[in-house]
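Chain naming follows the written order as A, B, C and D, and within any one chain the residues start at number 1.
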Amino acid sequence: MAEAIAFYTLAVLILGLGVAVITTPKTVHSVVFLVLNFLCVAVLYVVLRAEFLAVIQVLVYAGGIVVLYLFVVMLVNLKRAPEAHEDPRRLARLGLALSGAVLLELAGIVVYSYGRVTPASAPAAAGPLTGAGNTEELGWLLYTDYLIPFEVASVLLLVAMVGAIVLARRES
Amino acid sequence: MEITPAHYTVLSAALFSIGVIGVLVRRNVIIIFMAIELMLNAVNINLVAHARYLENLAGQVFVVFVIAVAAAEAAVGLGILLAFFRNKETVNIDEMNIMRW
Amino acid sequence: MELIWLIPVLPGIGAALNGIFGVRYFGKQTAATIACGAMGGALLLSLYAFVQLLGLEHREHLVELAQWIPPIALETASGIGAFEVPWAFRLDPLSGMMSLVVTGIGFLIHVYSVAYMDHEPRGGYVRFFCYLNLFCFFMLTLVLGSTFLVMFVGWEGVGLSSYLLIGFWYHKKSAADAGKKAFVVNRIGDFGFILGIFLVFFTFGTLDFRAVAEAAALMPVEEGAFGVISLICLLLFVGAVGKSAQIPLYVWLPDAMEGPTPVSALIHAATMVTAGVYMVARNAVLFTHAPEVMFIVAVIGVLTALMAATIGLVQTDIKRVLAYSTVSQLGYMFLATGVGAFAAGAFHLMTHAFFKALLFLGSGSVIHAMNEEQDMRRMGAMRLYMPVTFMTMGIGTLAIAGIPPFSGFFSKDEILYRTFLESRWLWALAAVTAGMTAFYMARLMFMTFWGEYRGPAWDAGHGGAQHEAHGDGDAAGDGDAHGHAWHGPHESPKIMTLPLQILAIGAIVAGFVGVPSALGGANWIHGFLEPSFVAGAAHAAEEEHHYAIEWGLMALSVLVAAGAIAFAWRLYVQRPEESERLASDFAGAHRVLTNKYYVDELYDATAVKGTMGSARGLWTVDRNVVDGAVNGTGWTTRASAWVSHVVDKYVVDGLVNLVGRICAEGSYRFRHAQTGLIQNYAVAALFGVFAFVTLYIAARYFGQ
Amino acid sequence: MLDTIVIPVLKIAVLLNAVLVAVTFMVLLERKVIAWAQSRLGPMRVGPYGVLQAIADPIKLLVKEDIRPVRADPMLFTLAPILSLVPALVVFAVVPFGGDELFYVTDINVGLLFIISVTSIGVYGIILAGWASNSKYPLLASLRASAQLISYEIAVTMTLVSVILTAGTLSMVGIVEAQQQSGLWFGFVQPVAFVLVFIGGLAETNRAPFDLPEAEQELTGGFHTEYSGMRFALFFLAEYANIIVISAVVTILFWGGWLRPFPNVEALAFLDLIPGWIWFFAKMFVFLYIFIWIRATLPRYRYDQLMRLGWKVLIPVAIGNIVLTGVVKVLL
């Protein structure tokens, strides 16, 4: 019951803020909504017993990535409205329609499929994964089974850092 | 009122679709980027939810990787955006069309 | 004993150090210390190994260092065999003795060279020691190698170092030519050797000496026939002939005297040139199964001995005399092996190493004293100036002449006795040679050390006697005296005379390991070396002794030697003019001998000229026929190329251009789909997703 | 119901009120200490020795007119102070003031990470405040402030990794218990980390000598130039709440939290007569005092010096400290 309340509240918040992100005319407002959206997602992670990911979500997404967006929004100080020009050939309406269609299809598949799964075969929904929290287990997994992807990810970040510096540096 | 993975999947699909729509409809590149972040988060919700219901932490591990990739994407993407903005004074994606015939 | 691989490697390290760093950075002293230290270490190791060998039951020890050539399937006479060569070293009596000789004499010569080469500039000095160590490395590899191929590595390596050392003073044309000659002539022999190795592998499927010997022992003795073993032996003997300077390939050795004297002593007297004898002895089992080849070996040996001795009679260059003497003694050794007296041959090899090294070093000392003068006619009365050199060289001469109880007596008489048992006329030739040997050695001694001083005058004020007084001075002062002003003949420094003295002791006592039973000795070395010459556990049949014959022969040879020496005394000390007269009486013979039987000229006229002529002929053929063919081909190619060019231009290019134009037209029409609007592309991608999901649903729906 | 809702809500209410009261008295304390440092008397008029100044100030701010610039973004202008204050208060949820469950709202197993991440949200308030004001100086100040916060956040986070390595847990209570087990406050085990965290804390709370974003001389008061009245009070509250948080965190991580000195030495057991929460507040007070003391003593950094210190000194030292800690941890 409590989970249901939490889920529906968060779902409404997440979707509403998501819609706000893509509909708000002001870019800065978009960013703020995005942060709030991410915070809600983080809370959803807590509901899903992924405390570590929730904290990381806040730390990296909200505290890092979105701040970057905010910076860029401030640096990109436009003299005219950002979306003034519109190419007549763009297929926005078609895209919108297709997105809706795909969403409906997917939702149909999901509902249909899960509806056919008998409750007995579904894994127990309740109960935490572990008593002591999953940070340590996640660390073990990351540094043993997923060591190579982890290292690759670190290299990726390094490359991204170098790339960002090179790109953003003013050529003198 | 039991919350099943289906609920999370549908939530994820919906958030993903919002992201897709944002990417397809908006012309401000920054917002398009943010829409991409929304899509990534939709995927993450899916992964975490299934990690919980399948009692397998691999899903959470992948969320970590997704976050890392998102960070890299944001850094490089926004770097490119800044470089572009410096040259063309615009962030409108419809004006970024010189790579064609 | 597990460390015997270090015996060759130590000088190798020395050579590497001196070669890589030394030439640029080391001083003379450092280089000499490294080289001598390496040799000293090798000497100690081989002594230690030898002592351990004496304690071994079956007198053999194999150390396999590493795999060299991994097994390769190769065809052999008995099906497909595995061609596999390990880096293995074998210590048995023969190689033990040889390694002692090489390291012992090598060490002494290294020490000797420290002073002898002192007036070289630093770079050359270091280079010299580098080469010398390199030589020892290869020589010890040759000696200790347990397979034909490892031996061959050493074999070629000593050839290389010999070439480098003969041509050590490469700015001197004669030295460079002599090095080249040695190299080329040796190549002929090596060719035979390597053919022999091929045949050995083909026949026995292995290259290990012991395995080959054991396999050969099971094959019949090719008496009166000429089978595969004979062919192998013949080819191997060709190699030995090249390396050990036998007829017809001996011509390089006298020329090799262009190298520094320690080199002559070490390489061209004591060690390398005996490699051929060593190799034949090492394959004693093979050779005993090929009596016909044994006979050839004996004949070649005795003829070489005789011929070289006759040439030696009239040579005036002190080193050339010794060189021909070496050739002659090598002939003796081959004679010994040829008559089946392998132990005697090896024994003579060892004693010869001692006294010939001694003689060369002594002559080097004299040359050193005479300021690089090598002509005996310009020497004389040297015994007054250099008593130590005189004494030691005298011992060497007595040893080579075969005067008891010096070492040469025992070894040479062993050979003569065994030859006598085998063939009378071979013995006769050998005995004559022995007499000649005694004569020319005596002649050398008398011309050099007796008589009047005939050399150039030197600075007055520094009397020879006065100089002699501090002849034992330090090497550096001596070197200085040589570098600039020559103060007349004088005794060499201690560091040079000490090796002489040690070698002299060796030349005296080395024979006592092989005192024949006829003289009440045990002929220990004979028994000691025997395991190396038989296969497996087989023992040589106990031979019967003819003490009477042996005593007679000994007496005879001593008489001949003494007579020859006396004759020389008369000719060169008492009445020198008589030798002049003798030379003019037999002018024709004398000229032939002085010109070394015109063999060099003969080779020049036949081999060299022939090669040049045929090369020129081939060149003409090449120019007119081959080039013509090539040019004709070229013209043909050009013509056909023109035709294909035309086809290419109008037919192929036409097709290609047509395809290109079609593509261009098509892309011109289609490129408008590329609007540059990223989102349109994304919509296309999304359409793909939509299509896929729809298909999925449709498939699930209709599939059920 | 009682345990899950009522008691936590009560705890939260008490805690929030306590923090707010503490902040008002913190302001008074600062004014007094600086005055003494400068041989002045400080506030003397309201109440005995000016004690009631702590009450007078909030009242003044509350009743002041609320001014909003015409061209400011209305939504963000309102949201910014809230975004600034909320994280500062939320952090207190995981700060244990004593060993007993009574003294903390909750003890989650990612407590330290929670503090780090929630603190990082505070930067939004500053950036948005500067942006929403639609004014030149606040925008510049907010950019500076956010750059400074992010830079030092990295250094502090890196440094905290070594503390986490030492303690082996992320839980705040767990960290104190780890110190109890080892018998040694981590301040003695990780002195470098303590110094780094304290310096980083100064920078993260925009305190002297790192108070560039609020430099009156350069930026006419920083990102909250356009704010006044209660909105300004929220920023003010947030700043001082952050100072208290930093002091509390440093106390917990390095100086044993509610533990007495040398918690394993039996001879000092008489010190246990003093309850743990008093130890905690005593230690925390020392750090609050040091914060003020530094402000009274040290001059302000230049901006490039500040950045150089953060990136070229603190972060490398922090990384070195992690490596060192890891090596020692593996070796022991």
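Before moving on, here are some points about what is shown:
To be clear about the criterion, a residue touches a chain if its C-beta (ideal position, glycine included) is under 8 Å from a C-beta of that chain, and two chains touch if they have at least 3 such contacts.
These figures come from a predicted structure and were not determined experimentally.
Shared contacts of chain B and chain D, meaning chains that touch the two of them, come down to A. Each chain gets one centre point, the mean of its Cα atoms, and the points for chain A and chain D are 29 Å apart.
If you average the Cα atoms of chain B and of chain C, the two centres end up 81 Å apart. Each chain gets a centre from the mean of its Cα atoms; for chain A and chain C, those two points are 83 Å apart. One simple way to say how far apart two chains are is to compare their mean CA positions; for chain C and chain D this gives 89 Å. For chain A, the set of residues touching two or more other chains reads 52, 56, 64, 87, 90, 92, 95, 99, 102, 106. Looking at chain D, one finds that none of its residues touch two or more other chains. Multi-chain contact residues of chain C (touching two or more other chains) are listed as 675, 677, 679, 682-683, 686.
Chains that are in contact with each other form these pairs: A-B, A-C, A-D, B-C.
Chain A makes touch with chain B in their complex at residues 1, 3-4, 7, 11, 14-15, 18-19, 21-22, 27, 30-31, 34, 37-38, 41, 44-45, 48-50, 52-53, 56-57, 60-61, 64-66, 68-69, 72-73, 75-76, 78-79, 82-87, 90, 92, 95-96, 99-100, 102-103, 106-107, 110-111, 113-115, 122-123, 125, 129, 134, 137-138, 141-142, 145-146, 149-150, 153-154, 156-157, 159-161, 163-168, 170. On the chain D side of its complex with chain A, the touching residues are 73, 75-76, 79, 108-110, 113-114, 116-118, 120-121, 123-124, 127-128, 131, 139, 143, 146, 150, 153, 170. Those residues of chain C that touch chain A in the complex are listed here as 675, 677, 679-680, 682-683, 686-687, 689-690, 693-694, 696-697. Across the complex, chain C is touched by residues 87, 89-92, 94-95, 98-99, 101-102, 105-106, 108-109 of chain A. Contact residues on chain C toward chain B in their complex (touch as defined above): 671-672, 674-679, 682-683, 686.
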